[in-house]
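Right, one structure below, let's go through it.
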Amino acid sequence: MRKLKENILKLLVYLSVLFTISTLVLIVGYIFIKGIKGINLSFLFSDYSASGDGGILPMIITTLYTVALSILIATPIGVLSAIYLQEYAKKGKIVTCIRFATESLAGIPSIIYGLFGGIFFVVTLGMKYSILSGSLTVAIIILPVIIRTTEEALKTVPQAYREASLALGSTKFQTLYKVTLPSAIPGILSGIILSVGRVIGESAAILLTAGTVAQMPGGIFDSARTLTVHAYLLTKENGDIQGAASIGIVLIVIVLLLNTMARLVAKKLNKANC
Amino acid sequence: GSNSSDSSNGGKVTVSGSTSVGPVIEICAEKFKEANKDISIEVQQVGSSAGIKNTIEGTSEIGMASRDLKDEEKKAGLKETEVALDGIALITNKSNKVKNLTINQVKDIYKGKITNWKEVGGKDTPIVVVSREDGSGTRDGFQEKVGFKSEELVKEAQISDGSGNIKTIVEGNENAMGYISFGYVDKSVNSLAIDNVEPTAENVKAGKYVIARPFILVNKEGTLSKQGKSFIDFILSDEGQKIVKSKGFISIK
Amino acid sequence: MLVKSRLVGTKHRDNNNNNKNKYVIEKLAKNIFMISAFISVISLLLIIGFVFYKGLTPFVLKGYSFIDFLAGTEWVPSADKFGILSMITASIISTLGALIIGVPVGILTAAFISEIAPKQVAKIMSPAVELLAGIPSVLYGVFGLSFLVPNIQKIFNLPKGQSLITIIIVLAIMMLPTIISVAETAIRAVPNAYKEGSLALGASKIETIFKVVLPSAKSGILAAVILGVGRALGETMAVILVAGNSPIMPTSLTDSVRPLTTNIAIEMGYAFGTHQEMLFTTGVVLFTFILILNLVLNKLSSKAVD
Amino acid sequence: MSQNNKAKLCVSNLDLFYGDNQALKNINMNIKRNKVTALIGPSGCGKSTFLRTLNRMNDLIENVKIKGQIEVDGENIYNTEDVIKLRTKVGMVFQKPNLFPMSIYDNVAYGPRTHGTKDKKELDKIVEESLKGAAIWEEVKDRLKSSALGLSGGQQQRICIARAIAMKPEVILMDEPTSALDPISTLKVEELIQELKDDYTIVIVTHNMQQAARVSDDTAFFLNGELVEYKETKIMFTNPEDKRTEDYITGRFG
Amino acid sequence: MSQNNKAKLCVSNLDLFYGDNQALKNINMNIKRNKVTALIGPSGCGKSTFLRTLNRMNDLIENVKIKGQIEVDGENIYNTEDVIKLRTKVGMVFQKPNLFPMSIYDNVAYGPRTHGTKDKKELDKIVEESLKGAAIWEEVKDRLKSSALGLSGGQQQRICIARAIAMKPEVILMDEPTSALDPISTLKVEELIQELKDDYTIVIVTHNMQQAARVSDDTAFFLNGELVEYKETKIMFTNPEDKRTEDYITGRFG
């Protein structure tokens, strides 16, 4: 009986893993098989041309701009908010409400954020269609993710660490940046990695705030087209699955690079305190 | 491209709107810039309504639409310029033997009165009807010319938001039938003759192929900049219309 | 005695002044944290306010009936008919379906990576999963449309593959990476002492995982589920491509349906006026829907605590 | 040394390495059935490490290499696949209390439940008996359903003991089980150990010489991973053979 | 009782509640300067709770209500805003070792660094002295840069003591500091306590009566949150006034 239960549970675990791995292999495999033909140097590194076989360099640059900017905006605000909620605010109705609101917002379709950003940043604040408007909008989208994952990471830091530090006459703030935050970094980082994914994958919200101009952006105040928006337009308007898959490959490589970078940073930070 | 303020001709023209019109305008912009290096043109593909709204609000100078203006929009003082015609082709899967339908058959299929391909001379398989979303310019044009209303559309119809998506669906499903703008038709699908009239630009121009609608540019009355005006003029010029033709659309000339 | 002579004596204590600085920094830090939280809350409130303002306009100012909106089954904007009951139904079924598949698979995979897998395997799997999180939803949609849809059509012998079941699979896949990576972090944080305690009582590794590790990581796992569901619900681009989007009441898992999210995304580009506002109302309904879901999930988890 | 047929646990030529660092050096030891064996020695000498090899808890730590063999009832525990059976037979109480974040009741019922006891009444009985056995019943009987983590350190440790007892193992390994207890509870636990030894084999790590003297039949003295001396407690404390043992024991009393 | 001018810490009418549950009841106690005061009592009687009020560690726990007053050097610690100064003055060693996940060196240097000591040489000196003071230097001097969490329980606890000493506080609160230590280290720590008391005021919670008898000048006996008896250790152990004190102490020796 016990063995049976044990085996069933084991089977469930392995089936789950199998499901996860096979979807991973299927999706990534599919994208590679469809898209690899389109990958070549001129595709990657030449300027876009509406009429012919241009490359996607402007989109790559735009994507990097957007990721960097939105993470730069959302991470400090999100992490600091989480610190406030977890370490400073009195546990009570307000915090519960805030947490509840953030969680619920995570489920609003991004197009609604896009419409909001399109009115608030683009028109009201006069930022026009620009990488800045787009980044601010997706920064709001990823805020809940960063807040929640950071909160969870902080929660897992043993109370004993905080007590020890405070008992040594450290202030709450010293305790925070010397003990609590370093212990929470892996968790925070996984939140950021998820957010990078979310930013890179965003199409609707960015389309409505950063626009779709297929040109090399001169700066963050220019409108431009990210890789995902490009893939979205290719699929939706042209049915160009192969082109979308080629962009998919580029995106996967970018995500891989960014994740590896994040991991390296985490390692550095971990070494610094151990 | 940033605007060079020192040149009297320089400046930025912002265009936004329909994703059907967008690609061809993008090419026009590229060509236009070759001759007018100091003018930069920004083309946003965000949908007809958004483009019109942007033009009303002043976010964009010129709006692109693949449908006629609604009364509410006209009231806001917009001026429209027709820049091209677009035929709408009925498409089916490559393996489908049906090559021609009457316009009434098309209507009945979309209203759900004909549900099997054998009723129109094909195999004994159900027809999977694919349509654009409510509000789409292509759909408006299609329904108006075929002669039925939105609420009459068979409820089970597959709804898809973009010519590309419709093409992909039809390409992958032998039962499917959909409609897309001429500019997007290619070898991956069959395009049907309607009442024995082939879907070609000549037939549209000649008025024989009836399922067609205009592409328009709009701008706020009296606010069009010199650069904006010269861009619209370029599109209407022979060179501009050649680009329109080369993308499979129909020149208004 | 040697200890005393060394330890006592000059006190390298900082004086009061120094402490005053610390308290100033402390206050400052706290205020910065508070302001950040405030910014977050404000931006989130702004969005909620915006959606509600837009979404409630037709009912408050234009005399539409909210009941008809919720209970109506016909959606023909150009004929001024706005009923979303069929979409609510589709959303509930597809979300629940995706939850039923995605949540257990995600949690169990996370448990595998953090507790069972050899270190080498875990080291490959964890970034691979994060990679899945980085794939844009459009590509999930493309994959769904050109791989899942034809296969579902073939397997179930249907006229078309766009169906509830396809949505469920795509959503389940899409929530996986978020659930896995957040849950993995939570599971890794469970103290070793708990595991040792359980193993020493003769529990097997699997029993330990299910009875001690997962319950101990509950809060984090819940966060994972909520974020995962959020991602799946919020991402519409993939669903649009595989849903079929017919606004009809589903009668079986093989029907084409239009969930609330795709209704918004698919028509927003061309919508204006009342039609556009009704799409925002759809957003309001969706928001309420997610609110309820979160409430239920939170209740479930707090029940499990004691 | 005792004969094999009396021995419950036979340890021969046991070496243990944490990476390159040898923590146990050629340990040979026969632990007698139904006796209490005390392990003493300075901090870091390997007592906990040794204890943990006896129910294979060291399997969990990476980079641990174990050589030699350990037999329970004549069966080599590092040959069998059935670690669960081993650990059911050989219970353990850890140095730091490690209760699960569940209610007191669920903590104690954890073991029996895991091994298939589902009946509510039976579980109630086991929980009550075990808590009584660990001298904590009176303090917690009114709050069995509240979280075990709200208890004081000493209370937590006694719940840990109750949790181990609830499994009715044959061998109980205790790693400084009373280091967090007050004298009264300590006494109760010591009495309990005395009572249990009729049916159980008990191995206890302690820093408290008096405790070792009071409760144990045999005592083993570890130093730097070596087993320096191992014999009857009475003899060990009155007449240690090795100079180092004497130093250690008298260091305490002197 | 001692006179006020000799008292380092004056506790008057102290009540403490965890929610509705009263853990300390009207405690009045003057803890003498440069003496070692032992707190004894059965598990759960409130010793740790009391100790933690002395440097306001209970501030961290929600739902704690404190009434009455505590003065350090005549200053009410619950009136001052400067908790840092208080905690710098009043160091603490906890019941469970709670080292940071950092190197041994960084753990010990944590306090001084927090208070502005940046100089590498000075830090090195402080770390070495503190580790020596806590009788752990020899064991760890070659692995100062490796993680403190890889140490045995006893080793960890001594690092905790070193970490507290490194701050050079005036009062040191110790919550069962030797419960995880072997007799030799215990002895060393007890010696250390004796040495330190000329300049420091020390409050120590212990379950070990002998330890209380050996190291403390005064002893306070707690029961169910009440201070039952508080006097010179010698008198307390030979001639307890209260029946309950006698029962408790003799329960150990009887």
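As written, the chains take the letters A, B, C, D and E, and residue 1 is the first residue of each chain.
One rule holds for everything that comes next: contacts are C-beta pairs under 8 Å (C-beta built on N, C-alpha and C of every residue); 3 or more make two chains touch, one makes a residue touch a chain.
On a predicted model such as this, the values are computed, not experimentally measured, just so you know.
The chains touching chain B as well as chain E are A, C. Of the two interfaces, C-D and C-E, the higher number of touching C-beta pairs belongs to C-D. Centroid to centroid, with C-alpha atoms defining each point, chain C and chain E lie 47 Å apart. Chain B and chain C have Cα centroids separated by 37 Å. Between the CA-based centres of chain A and chain C the separation comes to 14 Å, rounded to the whole angstrom. Among all residues of chain B, those that touch two or more other chains are 19, 46, 50, 161, 165, 168.
Residue positions 158, 171, 174, 235, 241 of chain A are each in touch with at least two other chains. Counting partner chains per residue, chain D shows two or more touched chains at residues 96, 115. Chain contact summary for the complex, chain E toward chain D: residues 40-45, 48, 95-96, 139, 151-155, 158, 176, 179-187, 207-209, 248, 251-252.
Taken in their complex, chain E has these residues touching chain C: 81-82, 84-85, 88, 112, 115-117, 122, 129-130, 132-133, 165, 168, 192, 195-196, 198-200. Taken in their complex, chain B has these residues touching chain C: 19, 46-50, 52-53, 67, 70, 72-73, 125-126, 128, 133-137, 149-151, 155-161, 165, 168-169, 172-173, 175-176. Remark: chain A residues 49-51, 118, 122-123, 128-129, 207-208, 211-215, 218-219, 222-223, 233-241 touch chain B in the complex.
By the touch criterion given at the top, residues 119, 191-204, 207, 211-212, 215-216, 306 of chain C touch chain D in their complex.
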